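The same chain A turns up in both complexes below, where it pairs with chain B and then with chain C.
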Partner chain A sequence: MTHQTHAYHMVNPSPWPLTGALSAFLLTSGLIMWFHFYYTLLLATGLLASAMTMFQWWRDVVREGTYQGHHTPPVQKGLRYGMVLFIISEIFFFAGFFWAFYHSSLAPTPQTGGHWPPTGILPLNPMEVPLLNTAVLLASGVTITWAHHSLMEANRKESAQALLMTIALGAYFTYLQMSEYSETSFTISDGIYGSTFFMATGFHGLHVIIGTTFLATCYIRQQMYHFTSSHHFGFEAAAWYWHFVDVVWLFLYISIYWWGS
Partner chain B sequence: MAEEMKSKVKNYKTAPFDSRFPNQNQTRNCWQNYLDFHRCEKALNAKGDDVSVCQWYRRVYKSLCPISWVTDWDEQRADGTFPGKI
Partner chain C sequence: MLWSLLALRQFGQRTISTTSHSHFKNRVPEKQKLFQEDDGIPVYPEGWVADVPLYRATMILTVGGTAYAIYQLAMASFPKKQD
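Entry: the complex of A and B
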């Protein structure tokens, strides 16, 4: 018996789960050292270690799938389940921040002056940059769908173009949001409004950056001929994640920017 | 009308049931009456009218509100940092 007689992937031993766990510890203890003692070395080491873990782990997944052929249909099915479950967990993550926002804004306490937005808070105008941001992300949802269809039709040129446009729109969103952050008259420490606003939009922004990075790696892989017209799960996972990020923004825009003003 | 009000204030024992605030959490009841008393006072002082009609709200918030809240709010009003609209 010199070869496997099943379609599943028995992964070779790997150091990355261990380095991932170690970098998680460095990240958490690093945050404590930074918060309490203004000491950043531990946190910086943790960020570097986790970035390297992610890079090497996912590079190995690409090697195993694209170059070694381990991603048979049942294996791909498992990867799909995995991505779906991960995104569901992220939905719950954001649900917490939305819960906090609605808890505080539906029944405002005396501390806020009994109304929402609280006394002294000047919210951003939802019809200005936030509306543009909404248009940008909705458009990026269209371009990534275009990229996917082009990919499935083996149209390399259009697939690359559409993917690049999606990445550009994602970067534009990040740029716009960063400039909005510098324009707010309130900070994260300005009462419950500041806390709920920046926790929810801040984590969303982080997810936009993660999603844009994921899309960029898809672009590189596409240029390196990793995807076929029928097998490109990495791209699909990135697209699912990107649509999730877009939907979270829609909820943010309607709840916090529009209703919450 | 004013006679009824005066006798109601005279016979005051504690804050009566207010159907606007039917539940266990009476925070809003305290807050609303605190606001209403000071708004009443401000409005009538501005018109030069008799402020004693505002006494009902004062009685109610004095009965309902934790003393520390009232102290904090009075200090905030003095500082100009009171978040409520009076």
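Entry: the complex of A and C
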């Protein structure tokens, strides 16, 4: 049986790219069937299939890295590059929504009444729940750094506690934001204000949920002894993503909630 | 500040024993042995009893769903009558 004489990971053939691509097709055609015909079965199938694909694909990455030892230093470097590039692409994604907000709010048209916020829009008070949300996410940035340092010092108990606190803060943010959504006097269809507000904060909320899920996965892996004090890239990737989510919120708070009111 | 956070956290927790309070045993060495066996089996079907059923369910859902989606799109393209 031949063995490789290099440090790189030649990944074995896998069915998940195919099931992922087909799931994407089901999601998009499912959206069409829902929008035009109020028919939700295809969309539900797409959501389920993509969730199953993601679970199994990342499960396999854990198997290849933690159990088979394929994540050598050069491979880990590649994974780091990959995560950084992905986060950069997400920054560009949010840049679009911020562009839309600033385009409309810096030069308000006659349709908005010539000022921002537009006539008839009652913005949320930035010094109330939005300020609390800012404090919650900033605190979660502290707790995740604490978790990382505890992990690097091989302190299992503290790293688990700090990670759990970070997850709890993330869940608390989501709960607060959902209750804020029910308190707004405007909806997504209330002109350009509603559109920019809910598209930007809505996608941010989705990213908070994704980040919280990523952190929860890290918590489970940490409990199962997957991480060592020197090798825990999965955790670092989750931490980078979480800090990105925090920074996006700060931009949202300052631009839309504070300046935009 | 971190110490007060820790104290706050401990206040809400059950008594912590001196041994690890995690509910998991370290099964990583067993898994490493299992997955490093020179059996030529890829990662996705081996490791857990539900691996193969999960794989089959995913394939059925995606391939079947795609066929159904194409059928639905074909039906939507020809309103009322079918060629």
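Just so it is clear, the second predicted complex is superposed on the first by the 260 of 261 C-alpha atoms of A that agree within 3 Å, B and C clash if a C-alpha of one lies under 4 Å from a C-alpha of the other, contacts with A are read in each partner's own complex, and residues count from 1 in each chain.
Note that in this section a contact is a pair of C-beta atoms (placed from the backbone, for glycine too) under 8 Å apart; a residue touches a chain by one contact, two chains touch by 3 or more.
Since the structure is predicted, the reported quantities are computational estimates derived from the model, not experimental observations.
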Chain B versus chain C as contact partner of A:Val208, first or second or both or neither: neither
Which superposed partner A:Trp16 touches (first chain B, second chain C, both, neither): second
Of chain C and chain B, partner touching more chain A residues: C
Partner chain in contact with A:Met165 - chain B first, chain C second, else both or neither: second
Partner chain in contact with A:Leu151 - chain B first, chain C second, else both or neither: neither
Touching partner for A:Gly113 - first (chain B), second (chain C), both, neither: first
Chain C-contacting residues of chain A that also contact chain B: none
Complex contact set, residues of chain C against chain A: 1-2, 5-6, 9, 16, 20-24, 26-28, 31-32, 34-36, 38, 42-44, 47, 54-55, 57-59, 61-63, 65-66, 68-69, 72-73, 76
Of chain A, residues touching chain C in the complex: 1, 12-16, 18-19, 22-23, 25-26, 29-30, 32-33, 36-37, 39, 42, 45-46, 48-49, 52-53, 56, 60, 63-64, 66-69, 142-143, 146, 156-158, 160-161, 165, 223-226
Partner chain A, residues of chain B touching it in the complex: 27-28, 31, 35, 69, 73, 83-85
Of all residues in chain A, those that touch chain B in their complex: 109-115, 118-120
